[in-house]
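Note that chain A is present in both complexes that follow, paired respectively with chain B and with chain C.
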Partner chain A sequence: MKRRLRDVPWAVVMLLPSVVLIAVWTVYPLVKAVQNGHLRCDVTGTKCVDAGWGRYWDVFISAEFQHSLGVSLKLMALTVPAGLVLGVGLAVLADKHLRGIGVFRTIFSSTVATSVAVASLVWFVLLQPQIGVFADLFSGWFPVLKNPGLLNDPGTALLAVAFSSIWANLGFTFIIVTAALQSVPRDLYESAYVDGAGNVRRFTNVTLPMIAPTLLFVTVVLTTRALQTYGEIALLTSGGPNPEKSTTTIPYLIYGRNSIISGDLGTKSAAAVLLFVLSLALALVQFRGLDKRVHYGR
Partner chain B sequence: MAQVRLDHISKTFASGDEAVHAVDDVTLEIEHHEFMILLGPSGCGKSTLLRMVAGLEDPTAGDVYIGDRRVNDVAPKERDIAMVFQSYALYPHKTVAANIEFPLKVRGVSKSERAAEAVRAAEVLGLEHHLKRKPGQLSGGQRQRVALARAIVRNPAVFLMDEPLSNLDAKLRGDTRAELVDLHRRIDSTFIYVTHDQVEAMTMGSRVAVLNEGKLQQVGTPQEVYDRPATAFVAQFIGTPPMNLLPAGMWGSETVQVGIRPEHLRLVPGGPLHAVVRQVEHLGHEVLLFADANGTRLVSRLDPTSFLPEVGDPVAFDAEPGRLHRFDPESGERIE
Partner chain C sequence: MAADTVRGARKFGRYTLLVVLAIIVLFPIYAVVLQALKTGPDSLDHPRSLLPVDLTLSTIKAAWTQGNLGRLLMNSLFVSVMVTLGVVLTSLLAAYAFAFLQFPLKGPIFVLFLATMLVPAEVTVVINERTADALGWVNSYQGLIVPSLASTFGIFLVRQVFLQLPGELREAAALDGVGHVRFLWEVAAPLSRPTLGALGLFTFLGTWNAYLWPSQVIRGDRAHETVQVGLERLKNNDISKINLVTGGLVVAALPIFIMLVLFQRQLVRGLTAGAVKG
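Showing the complex of A and B:
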């Protein structure tokens, strides 16, 4: 006990850097955002009054927020399942002991080292209606690629953003799932093989259950990332095409240059807090719901 | 007719630019309902041999027969075999019952029949109260029995086991040895069992095949292998402590290596083998006397009630008549 007390000053010193960083860059902004969320401001954004907790409900049911919520959820539905299936598929393909497989592993994981800005720029060029490769190659089958362009058509803009987003996240999923696959004991596959299980049954009875904890983790991360999608939107569509605002996700509504609330600190703060609550709730649902079916360890 | 026949089997692995001969021209016949032990040090090729019978490895040369069928190109599931792995390879997310049922499920056996068969197999191994548990909730010995139950549930013609006891503690290993022998008696399957543990080989096998560096050294009953080792390697590998091997010229002819089991090396005043005592180990029921004869280490197994010399004493040994083993110092093969 005495020893413990003696260690306290040192413990405080050691913890201080982390505590300061978390306090200044996480706790303070969160508290400030929650406070600012109470504010209702006039058109110029200079005069604000405290409207209390009810302000959150007002923002939540506003047409703008509801629209962005729909866009964000749609983007999530487009990117998470597809990203998961593609990432797992590539990881399973690359999990073979073949000559030169390292080259493919490097290629498949390369997007993890690609910034959102670079990824968006690449896709912007590829999808460009006049000079883009996709328009040149496939506009015969899909005229929308040329006119008005995938990013400029209100019906396809979100899909195009989703492509870019899925691609950019693929490297992350691939690396994590590859690591999980390599930790599955070979004996389990061999045993299933001797017992007569084919490729599909080995995948469903051995691979999937053994990497389930990893898949849960990846799902939560991809969901959170989908809800926080901002960079791709800002660079590819600026929330448009307008007036449909087809790609105005909640983060774009909050930060976006062309956002209708861009001058309104109170509403922006309220929307940010609502996004935080939504992400937290979804993560909790995923852990609660999937945890029961996930088997950890031996 | 042999249940399993290996005909000039070889397996070569490429390791960098070198070729490693894991199994080198092994021919072996295993009879129906035999308990055949593949014994050897690690890296001797015994597991590779077993995996070729299972169909997990393809032989580089030679043929594998199960029953009267050549199975080189037959998938494992068509070979009528079951395999128990060293790690047990249980599915951690499945219950004991689901683990045992798995081979039947793969074969499309109906749910009710599967459950009944699983219960039957579980009863054979005393697992009937653990069917609803997951492997993680079981002890090492219980997990091992689940792996066995999963193997017997299919009624395979041949059981393949790859060091199934090596993850158990010594006490449990002893008990499980007896259980496995009992299981073998009760079911009508052929057992092929890989181990590096000569005690398992001696106590369980109806015959033992000793391998070293990919080559088959000797096949015989445990007693035959112990009494008449075919090579100097077998002579030293089987028996604890191992047989004394005297360099050529130390005893008799210059061209013969002589081997004497510790229990046949007697303290005889005026005996032909002179040595100095280095260590005396009292094991209760016996005493092991370690001595040095001009740089050759000798060990003798003695009765604790007999006269015992002290460390540093000069002693003389003689071998019991008719208990000498002679080997060619070049090839290591036995000379009669």
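Showing the complex of A and C:
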């Protein structure tokens, strides 16, 4: 047998499990969702007709989707910059050789272990107007904590969701940025020091450019996570308060138990595909826009 | 002398700031644990102070029995262990093919694999729910486990390590008549143990913590529910029993916090593998 082809049977055997699983549970559903997105269904969701690619536009401009798009983008604006600044701040602060710094690193990393469900329920308990500790501590300054409660006020519910997300993602950002900081060559700091650069100058002229690729990665991940927020909504607000539906993100519009499109396969598929395209487009824009300013060393 | 004082003051300032921030980050966890330990299960009772005094286990015990938490934890453990073993195995096999075997179109096939990493669960769950329905896998362990058994990230990670192993290793083994399976099992896999450990830990945590798919494929079946989905039931039971949620949270989060402390290094390695270029 030819040398090039001798390995083929082994390659087939070894790739087969992954190929089958990924084909059935990732590729097929993607293709099928794109197809189903063409369907326009009646109220019962059983009778559907093929409405072609135009159906995507109809779903995109529909009131429900536009509303959820707004909620998702607002959530992104509330969580991504704040989460990035806090995570980087903590990492820079803990990036010093001090006694006991390991303890602080463990504490700042700790929220990486909390799941979406655990983090959301923690905040659900803390934000309860009657028995939550935040209402007890701070309702003097922020009466909304007690009446009607941060999660129950249409104006503040999304902010409460954002608190929970930022806190839950803090450990992840901290770990990644800490690792990046540790890979910055120490002699760069020393030569900057010799050149008379102060703390601030060293941060803006050495640290930031060196960790920029990592910051780009974290920004993309945090953006994607914000757009894919589902569990937090299901557990904290169920998409409400209603009738404003102040926290119905796109994923909650698709998967929420009480969502108005929950029985409509066509619209659900179209919304899911639109969400995918939106995440991809945003990630691409971030890579394109930031990549030029990012310094890849070596 | 003066320089020493300034340095000392700076150090003190930095420690103070670190302690304050640590308290803020830990506060939500502390407050919930305290609420679980200080109050009875059946009341709108809540701690009047933030000091850890007058503690009781009654809420946690009540949450354990009423929430069926023992069963939920076992379900989560079983599902997470199976997925972890499966992902490590499928990743080893596929990574081996990409790293050590010659076959036509290897590059394009690998790129296709990588491309599937871009597809988020939020898109596929709509259809996967129906696939699970058609297979009769709703409310079952298969439904929870099988869709997660292959990981493009895992394949990519293990392939990177395999490519770093010296090429002579495989050539020497081939000359000695060592076949692919034995080489994978006795040479390549043991040499990649740190990465496999990180992948395993990462997969375990991801599966344990997953919410969207378990919440869709398990529809009210208490026998198969994972702990992440089952916790919700404590919340929805009865608003006057909200303290039960705190008890449930403590039970659900404890195993993972212990794992974090034990395996912090591996976790960091897994998390940073994709982020920081080497």
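Here are some notes:
Throughout what follows, the second predicted complex is superposed on the first by the 297 of 298 C-alpha atoms of A that agree within 3 Å, B and C clash if a C-alpha of one lies under 4 Å from a C-alpha of the other, contacts with A are read in each partner's own complex, and residues count from 1 in each chain.
As a convention for this text, a contact is a pair of C-beta atoms (placed from the backbone, for glycine too) under 8 Å apart; a residue touches a chain by one contact, two chains touch by 3 or more.
All of these numbers come straight from a predicted model, not from anything done at the bench.
Taken together in the superposed arrangement on chain A, chain B and chain C fit without clashing.
Looking at the shared chain after the overlay, A:His38 reaches neither chain B nor chain C. Touch criterion met: A:Pro209 reaches chain B, while chain C stays clear of it. When both complexes are overlaid on chain A, the residue A:Ala113 reaches chain C alone and has no touch with chain B. Once the two complexes are overlaid on the shared chain, A:Tyr230 sits against chain C while remaining clear of chain B. Partner contacting the larger number of chain A residues, of chain B and chain C: C. Using the contact criterion defined above for the overlaid structures, shared-chain residue A:Tyr193 touches chain B, although it does not reach chain C. For the superposed model, the angle subtended at the Cα centre of chain A by chain B and chain C works out to 80 degrees in steps of 10. Measuring only between alpha carbons, the smallest separation of chain B from chain C in this overlay is 6 Å. Taken together, the two structures place no residue of chain A in contact with chain B in one case and with chain C in the other.
Chain contact summary for the complex, chain A toward chain C: residues 3-8, 10-11, 13-15, 17-18, 21-22, 24-30, 32-33, 36, 90, 93-94, 96, 98, 104, 106-118, 121-126, 128, 130-133, 136, 167, 170, 172, 175-176, 179-180, 183, 213-214, 217-218, 224, 228, 230-231, 234-235, 251, 254-255, 265, 268-269, 272-273, 275-276, 279-280, 296. Against chain A, in their complex, chain B makes its touches with residues 54-56, 75-77, 81-83, 85-87, 89, 91-94, 102-103, 106-107, 134-136, 150, 154. Residue ranges of chain C in contact with chain A, taken from their complex: 11, 14-15, 17-18, 21-22, 25-26, 28-29, 31-32, 35, 44-47, 50, 89-91, 93-94, 96-97, 101-104, 109, 113, 116, 118-128, 130-131, 146-147, 149-150, 152, 155, 180, 205, 208-212, 215-216, 228-229, 231-232, 235, 242-243, 245-246, 248-249, 252-253, 256-257, 259-261, 264, 267-268, 271-272, 274-277. Those residues of chain A that touch chain B in the complex are listed here as 185, 187-188, 190-197, 201, 205-206, 209-210, 212, 295, 297-298.
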